[in-house]
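Take a look at the structures listed below.
Each of the next two complexes has subunit A plus one more chain, namely subunit B in the first and subunit C in the second.
Moving on, here comes the complex of A and B:
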């Protein structure tokens, strides 16, 4: 019952996002939004196996490309509507997932990961040698221009965006339903101690196969509309490593144990990479994703959601008070502003390498580092972090002012808003009762440790 | 296809080419045999370190004209240090916390990806190659072709494998490395620091990348994303030969080399990458312990 309600709510949320995008009526929004939402599906699908069961799948691109290539195949043979293609893609990718899982999941976990990695290479080899779907030259898929859905005339890109949104809602609902079911508890036992689970009678192989099949099927579904979205599909990009890295990095950054971890991670990282691709280049954006992945697994192993849970447990154990909420909001703002500052600084370095630009960029990178470190410090309740955060935000006020002075025409609204938030944050961090939040909890924590 | 099987010349040449290729594959895999086979660290970034080794050989060769093999030998200590550093980060962040399964794998995957992207940013996606006097030379015995660009890497690789096998079997440190694979706790009771020994072993495994990278760029032109093709190969060889066995690694490498060479000759080079994976799946399904497995 609760699952049905949640499913309804997520569908409504998806439709609301779509209505909002329609109201803004910007074509780029649909193009960028499609990519971000596609990563929501991929990250959620990856997390069903990776986060719940603890088995790392490096072959996201393989499952994804299988879905895309089944669409290309049917486009050439007998064009079908996209919802039917989704089902076909799910079947193909799910079966491949089942097969790979059956061969490798009986062994140690690492073999499965290696096999998925190698599988991407092999499937790519097959597609390269299969001329019917374009071979190494790639395949062109002409997109229909308009489409009628329930009597409303939609441009095709909007139709694709809508489908992806609904798919994201469905996959999130599935992930959440699994989490609270017997299946989810079974997955968690595998993640925590597979040997003990097996000994207590949990059918581990069966559960792992269910997870692989489900996860593979969802990834295939995410790939099915891709040929219509990009119009030209070639093996090197469809099987590209970026899909695999992104779908691992997003849950790792968001948090792997709960359904909204991948959602937060994919929205954050997806948006950031869209901004980075537009302002800098796609290679730098990939470097950013890689660095964030490595940084997060080392510094914050349980992701943003884990940091948040840790903070709430330590700072507001009984009830969430206003101070804690304020701190979380400013810390998240600092985190996002820090990431954006990295992107903008790199954009300046790569596009206008003159001396003023370089100086601005270097100061921007220092500010970014300060903001990120202080946001992390605030969330992990380190005693000096209110001071450090005040310093970082004060610096961001100064830099924002310099930016407006240097270039009065551009991004005044953005910078002005940033300055206003930074002023508020500085005041908030220096409030006595906020600083008090850290003191007693710290002694508690030390007593526990 | 049939013509290929019936022609003795072609068959012999494919066999010799396969053996030489296999010798080179042994050099690529020997590091993984140490880190994955003996230490149980799933270092999927290993091929990325090899590509870095290739690019170092390329830079020095292009700037100073030094022989790539010599560059590889000189770079050994630097790669040893890099390996020690990587293991230290891995140990502190993952092994100590007991999170190597999920996050450790993601960590190495991230490193693989970062190395590739940085190389693309710095050098672009063009193929790079080295020049040395012997690379274009080729000897022929009757109808058998012996291209030196294949023979030299094969000889270096066999020397490296032999040296490592002697080291692991006959020195105190080598035997300590074999011991750490079996029982860390017992090693600690002997008043030896298992972490230190694992660090040395992992650093050695990365050091082999310097030479393997030099060999790779002698054999073929290199571009940043080529390392991915080797991930399937190295793990297939490692599993096929039996985890932790260097002689097994050599046999596995030769087998894969021969099979790939025949596939290239008979079905075309574009099918070669699929061979390793087929072999890996077959081994995992039929004999997961490998040929000479423990």
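Moving on, here comes the complex of A and C:
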């Protein structure tokens, strides 16, 4: 019952996003949005096996490409509507998931991951040598310019975006339903300790097969509309490294234990890489994602959700209060602003600027570093972090003011909003009960000594 | 008394090393059996073969008259054979109460006894009360002491409502009074009808607990009988004390 309500809510949320995008009426938004939402599906699907069961799959691209190539196959033999193609892709990738699972799940840890990587290579070789779907030359898929859905005439890209949104809502609802079910308990025991799980009556092999099948099927569905989206599909891009890296990085950065971890991670990274594509180049995306992944694995191995839960346990153990909410909001703002500042500064640097531009970029990078470090400090209750955060936000006010002064025509609203938030943040960090939270306390070792 | 567990000619090798060599063992329903032996004598391997964690190469294991060959560990647990591990292996990402819910959800499922959420919570509380972990229900395993971890290990095995409980060194590292607590707990459990095999090094506990004592040395069973007789057995003395 609760699952049905959640499913309804997520569908409504998806439709709202679609309505909003329609209202903004910008074609680029649909193109960029499609990619972001596609990664929501991939990250959620990856997390069912990788996050819940703890089996790291490096072969996301294979399942994804299988979905895409089953669409190419049917496009050539017997064109079918996309919802039917989704079901076919789910079946194909799900079956391959089941087969791979059966062959590889006796392997644990790194060996399982290597096997999934090998499977991706095998499948890619297979597709490269299959002439009917284009072989290594690739295949062109011409999409219709528009389509009637329930009597409404939609441009095709909007239709694809809508489908991807619904798919994202479905996969998130599935992930959440699993978490709260018997299956979720079983998955978690596999992640924690398979021997103990078996001893407690958990049929680990069966559950792992369910996970690989489900995860594979969802990845295949995410790939099914791809040929219509890009118009030209070739093996090297369909099986590309970015899909595998992103679908690992997004849940890891968001947090793997709960459904909104992959959601947050994919929205954040997906949007960031889209912005980087526009401002810098599409080649820099993987660099950004890789650096972030390395950073998170080192400083916050349980992801953003993990950081948040840790913070709430320490700062608001009984009840979530205004102090905690405010700090979370300002830290999140600092984190996002910091990431954007990195992208924008890099964008300036890559255009080989004059000395003023270079100075702006360097100051931007310093500000970004300060914001990121202070956001992390705020969340992990480092004793000097309010001071550092105040300094970082104050610097951002100064820089924002300089930007407005230098270039009063562009984005004054956003800069102004940023300055207003920074002022509020600086004030918030001076509140007495906020400062109290960050007072140094005895660590366990000191207490013992 | 009918035999609940019948082991016949059980053998297991690791490469050239013979870990178990033709073990014969019968455990009657309701019995309390102690299993002892020096380090490396094959006690844990025997447990692993009984529970399906390892596959035995020769011989058969019968449980309630049914041959268990090739049956995976989880299926054996569902038949009513539960174990605790020598080193506690809790599910680290779950609270103590959730740790117990796993066997409630999975091990009892096949007995057509599907618990409602309220029943499961009640059963959890009951089990935690039994082992004295009520205050720890919402803690995570990483916050537990070694003693509590062992109690959790036992409680989780008990949650599967086994007919046969195999406790693999449940008391290693515990204090005198804690050992007594656990022995009392196991005896109480046995009085409620659970057959128990206790693998232990602490002789005081084994002697107090066991109705019958089995001794393994180098993968062979060298003695099986009343505890007082067994520890006076010349071969057993030789194995433990050397010649």
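Here, the second predicted complex is superposed on the first by the 437 of 449 C-alpha atoms of A that agree within 3 Å, B and C clash if a C-alpha of one lies under 4 Å from a C-alpha of the other, contacts with A are read in each partner's own complex, and residues count from 1 in each chain.
We adopt the following convention: contacts are C-beta pairs under 8 Å (C-beta built on N, C-alpha and C of every residue); 3 or more make two chains touch, one makes a residue touch a chain.
Please read these numbers as outputs of a predicted model, since none were measured by experiment.
A.B. asks: Could you look at A:204 and tell me whether it touches subunit B, subunit C, both or neither (first, second, both, neither)?
C.D. replies: In the superposition, A:204 contacts subunit C only.
A.B. asks: Once the shared chain is lined up, is A:298 touching subunit B (first), subunit C (second), both, or neither of them?
C.D. replies: Only subunit B is touched by A:298; subunit C is not.
A.B. asks: For A:188, decide between first (touching subunit B), second (touching subunit C), both and neither.
C.D. replies: In the superposed model, A:188 contacts subunit C only, not subunit B.
A.B. asks: Subunit B or subunit C: which reaches more residues on subunit A?
C.D. replies: Here the partner covering more residues of subunit A is B.
A.B. asks: Pick one for A:24: touches subunit B only (first), subunit C only (second), both, or neither.
C.D. replies: In the superposition, A:24 touches no partner, neither subunit B nor subunit C.
A.B. asks: Just subunit B (first), just subunit C (second), both, or neither: which does A:121 touch?
C.D. replies: In the superposition, A:121 touches subunit B alone.
A.B. asks: Once bound in the complex, which stretches of subunit B touch subunit A?
C.D. replies: Going by the criterion above, the answer is residues 36, 42, 44, 89, 93-94, 97, 99, 101-103, 105-107, 109-111, 113-114, 116-118, 120-121, 225, 228-229, 231-232, 235-236, 239, 268, 270-271, 273-274, 276-278, 280-281, 284-285, 288.
A.B. asks: In their complex, what parts of subunit C are in touch with subunit A?
C.D. replies: Touching subunit A: residues 51-53, 72-75, 77-78, 82-83, 85, 89-94, 98, 101-103, 105-110, 156-157, 159-160 of subunit C.
A.B. asks: For subunit A, which residues count as touching subunit B in their complex?
C.D. replies: Going by the criterion above, the answer is residues 50, 54, 56, 58, 103-104, 107, 109-111, 113-115, 117-119, 121-122, 124-126, 128-129, 136, 241, 244-245, 248-249, 252, 256, 283-284, 286-287, 289-291, 293-294, 297-298, 301.
A.B. asks: Spell out the part of subunit A that touches subunit C in their complex, as residue ranges.
C.D. replies: Within the complex, subunit A contacts subunit C at residues 182, 185-186, 188-189, 191-193, 195-205, 257.
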